[in-house]
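You will see chain A twice below: alongside chain B first, and alongside chain C after that.
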Partner chain A sequence: MEIKTAEYNVWNEGSTIHYEGTLRLSGTDAYQPILDLMQQVLAEKPQNVVLDLTQLEFLNSSGINLLAKFTIELRKHPDIAMKVLGSTKIPWQSKSLPNLQKLHKGVELIIV
Partner chain B sequence: MNQTFGDTTRNNGSGAFAMRLVISDGPLGVSWKHASETCEFLGDVFALQHAKRGADYNDARHSIIYLVNELLENAIKFRVPGSIRVDCSLADGNFELTVTNDAAPDVANRFQSLIEEITSRDPGELLIERIEANAADDSSSGSGLGLLTLMNDYGARLGWVFRSTGPAVMLSTHAALTLN
Partner chain C sequence: MTATPDTAPLKGGFLTSFRSKFIALLGCAVLASLLLGGVVALWNVRQLSHDASSEIETGLTKATEEYLSRYIDMTAQRADLMFARTFDQVKMLAQFTQRLVDDPKLGRDLGNLLNQDPDFQDAMVYDPVKHWLQNKQGEPSVISVWGYLLDGNGKMRADVADAVRDSAVFDLIAPSLMGTGQSKLQMYYVGPKDRPIMRTMPYSDQAQTFDKLYPGHNEQNWWDFFFPGVYEAWQGWAKKPGSRPVDTDITILAPYVDAITGKLIVSYFHPIYTKARDDIAGMVGVDITLEQLTELVQGVKIAETGFAFLAQEDGNVLTVNKPGEALLGIKQEDATGAGVTGHERSLAKSSFPDVAKLKMPTPGETIITRVTVMKDGKPQGLLVALRPLQAMNMWQPNVGIAAEHLMLGFVVPDSEIYASLYGAQQQINSATNRIVKGILASVMGFLALVLALSIPLSQRFTAGLVRLADAAGRLTRGDYDVQVPVKGRDEVARVGLAFNSMAREIREHTEMLEQRVADRTSQLASATDEIQRLYDKLRDENLRLGAELDVARRLQMMVLPAPGELDRIPDLDIASYAEPADEVGGDYYDVLYVPGGAKIGIGDVTGHGVESGVLMLMVQSVGRALYERGETDPCVFLDILNRAIFKNVERTRSGKHLSLAFVDYADDKVTIAGQHEEMIIIRRDGAVERLDTIDLGFPIGLEENIHDFLASVTLPFAAGDTMVLYTDGITEAESEDGKLYGIENLIASARRAHEGPAAEIAAAIIADVRRHIGKQKVHDDITLVVLKHR
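And now, the complex of A and B:
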């Protein structure tokens, strides 16, 4: 599965979901196709889900809400491990991603 | 009548590096894209100025872009037709931003209720509570989350002034950010 535009790409390889570029969509409805892709990965009942954000330069607050919603969804599946990969070179990630761990203690957050 | 909420203190004086941009509601209209183009431009210009002090260009650029983008997204979403004015200044690592636009009175009233709620308690706790509430309600738009991330994740100081100017309400959103 892949969503490709001039500004961003989102695709999965197995249960790893990759995000690349700049995501500044206007709200919940605009983010729905991306949430659908994430939920399709979850529907396969994988052992773990990895969100690879290391190439996602920018995410607006509506997009942060999307990640938060998905994290809360994962809380209902304690058998599925969740890992979030970030980069110290992209400032929003160190500032905002720790909020995901407040929502779900099981989230493994790796920012390198 | 003016109504003020939050922190509207302005510290940058006439010696600050400053810029005003007006997004005019001309024949081409104001679109979502104006938020991203404006914030990228201001992020580049003000982070370059800040980096002259030997500061972290990347971090400053990102923080300015996130701040300007969130406030402009709100202005574009909730305004009535008319221009949006963006005033920015920088002095000694203190970045100040004011976004001014007109809003309909009922929208302004609802926004005031939201502001009272999100400025009443610790933004970190409120952020998590609102995310939980949004996740439980599919129809929720997540309003207020942008402002809460600015306060909690970026340490932004926010304030609002509402001025009744006839049929519309002129809203000025003030933000101040200490850049690293």
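And now, the complex of A and C:
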């Protein structure tokens, strides 16, 4: 599955979901297709889910809300491990990603 | 489809069609070349005629001059011969007389002998009234004895009587001379000065005529009266024959009117010398009327009106015909001399300057001069040839004896000499005119032929173009089935092929276009319905959004502190700036007054719109309630606030959350709690402190219990210190080339302005952010709060 526009690209390879570009969608409704994609991956009941954010240059607060919701959702599936890949070069990631870990102790956060 | 004026075929006008232009061009080219040829031919003919004319003129002039020279030479020779014959007879008479003088005895004997014959006897009759003696009529010659040779009784002196008797010999010889040679008016003998008896043949009333014409002659010596100087000149010749001007004894008189005959006379005198040749013994003479020379001169005929004249050296014209006299502009003037009537008609007095200035030739030379005279009021060119005759001794009154060349003159009008030339020129002119007419006729004929040929020819040439033009016209009127018949392989044919191909393409395109238009029209019809439906929906949506926007704006207005509130904080100078991105922002800030301090909140709700606004209102309300309740622990404050918001978010299912941090100021200290952007403090001395709030809290509304994540930090905040609170709309503001403004720029900007009041610092930061954004879109709400310790 893949959601692609001129500004961003979100697709999954198995249970690894890649995010690329700039996500500046207006409101949680606008993020619904991406959330659907992520929940479909979750519906496969994989052993672990990887969110690769290393190529996501920008994510607005509604996008962060999306990640938080997904993390809270994942707390209901203790058997599924979750790994979040981030980059120190992108300012918002160091600032917001640690909250995901606070929401769900099972989140493995790798910011390189 | 109708033809527009621009594409309508032009009608009328001569040169609007290609064909008429072609014909006109051809006609002009042919006309120009023919005219050029004609002009060249004409010029050549004119040049030829001019050359020929001048050639003929030169030839004619030369021939005429040669002819005139020869003719005048010949005539001069004849005149000279005429004179010579008379001279010979005069000489013969003179020599006979001289013989008798040289032999006086013979003369006496001969005189006595003749006296015995009654035919030679002179019956002298004295006229007592006139006092002269003259023989009677009926004698062969008349002899006059003048009064001064007689005594009172009319008797001759003895020697005179002897002389009269001896002179009878004249009667013997003169008749034979009179009858031969040039016809003569009279011949005469005159005695020497001491007895100048005068015997003249034939007989005339000599003394009576003299009395009548020359009164006084009977009282004065004959010689001195009639020809003064002649006798004395001859006396000189007798002693010195070399002193004669011309080597002959014959002396002629300038032409004069004869006293006896009244005719213009030329007299030839020949002196008789004494036996010793030391004096004059008399003379013999012959008178010839000028008509005899005139006959010769006037016998000259040159061309039609050419004539001859005879003149003296000084230009006095002796003989000329009347038309010639008029042509030369001269006229007769009678001049009376001492003894005889002279004759004056000089060329030098001509009314025409050219004639008056005529140069006289020297002996043996012929001069041909071209002069211009006026005849009948028009200029007339004359060719005048002058040739002198043989030199003669001539006596003239008041001049004496001098050498004289009579002058023969020939005059021919130019027009007659060049008559043939003028004739030829006229013929050439008429020939030229014929050539001109011929050339014009051939030019016109050829032009007509060329035009006649060019019309069908041009029709052939332009037929293809005409067909193309017609076809193009049909195409313009919408007839896309049109095709041009193509003949040959020339450019027109190629255009025709291209045209056919284009016409086919146009037809195909047109047909396809029609099909497409039909398809699109039906698609459009259905799309229009859809659009109408969407439009209606959009209109509803817009109305709804407009209403929502109104509500959201009002909510924000309600939530944010009123301008006056900020001024109530004693220690703090607070300035704020808030700009929503497009609709209504999700940024939150608030300033609450606390006795001795203040509580400043800043936050950022995810998303925008009414729901975000309502969430802000809830945050503000709960915060205000907690503040009023007197809750001072910032962590407890946040924990209770989160629980309230979380439950409300759950209930409203808005799915939103917000970052939120509070700054509590009191007693030169600030206490910070809650998770939001980094806090920036610029100290009075410009030192910068950054406070990361990531571990001071957690997003509000996301998790029910965040107590474990809450913490607070207390920092000193003294006079001159500045604190900058902001939302990510500032740090993540994008420039035109996609660069984020960033916290470093924000700090630098705040630091540059930190010495001023809060409002100035805020304005400086916003100006810097604006400069960074430039023309780029503002993506997110921009909110800035600056606290400055007074």
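Simple rule for what comes next: the second predicted complex is superposed on the first by the 112 of 112 C-alpha atoms of A that agree within 3 Å, B and C clash if a C-alpha of one lies under 4 Å from a C-alpha of the other, contacts with A are read in each partner's own complex, and residues count from 1 in each chain.
The rule is short, and it goes like this: contacts are C-beta pairs under 8 Å (C-beta built on N, C-alpha and C of every residue); 3 or more make two chains touch, one makes a residue touch a chain.
Treat the numbers as computed from the prediction; the structure is a model and nothing was measured.
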>> On the A-aligned overlay, A:Lys102 touches which partner chain: chain B = first, chain C = second, or both, or neither?
In response: both
>> In the overlaid three-chain picture, which partner chain does A:Trp11 touch, first (chain B) or second (chain C), both, or neither?
In response: neither
>> Which partner chains sit in contact with A:Pro91 here, chain B, chain C, both or neither? Use first/second/both/neither.
In response: both
> Which residues of chain A are in contact with chain B in one complex and with chain C in the other?
Replying inline: 24, 26-28, 58, 60-62, 64-65, 68-69, 72, 91-92, 95, 99, 102-103
> If you look only at chain B, which of its residues touch chain A in the complex?
Replying inline: 32, 35-36, 58-59, 62-63, 65-66, 69-70, 73, 77, 127-128, 131-132, 134-135, 140-142, 145-146, 149, 153-154
>> Give the list of chain A residues in touch with chain B in this complex.
In response: 22, 24, 26-28, 58, 60-62, 64-65, 68-69, 72-73, 89-92, 95-96, 99, 102-103
>> Residue numbers of chain C touching chain A in their complex, please.
In response: 586, 604-609, 655-659, 675, 677, 694, 698-699, 702-703, 709, 728, 731-732, 740, 742, 779-780
>> Taking the touch rule as given, give the residues of chain A at its contact with chain C in the complex, in rising order.
In response: 24, 26-28, 58, 60-62, 64-65, 68-69, 72, 91-92, 95, 98-99, 102-103
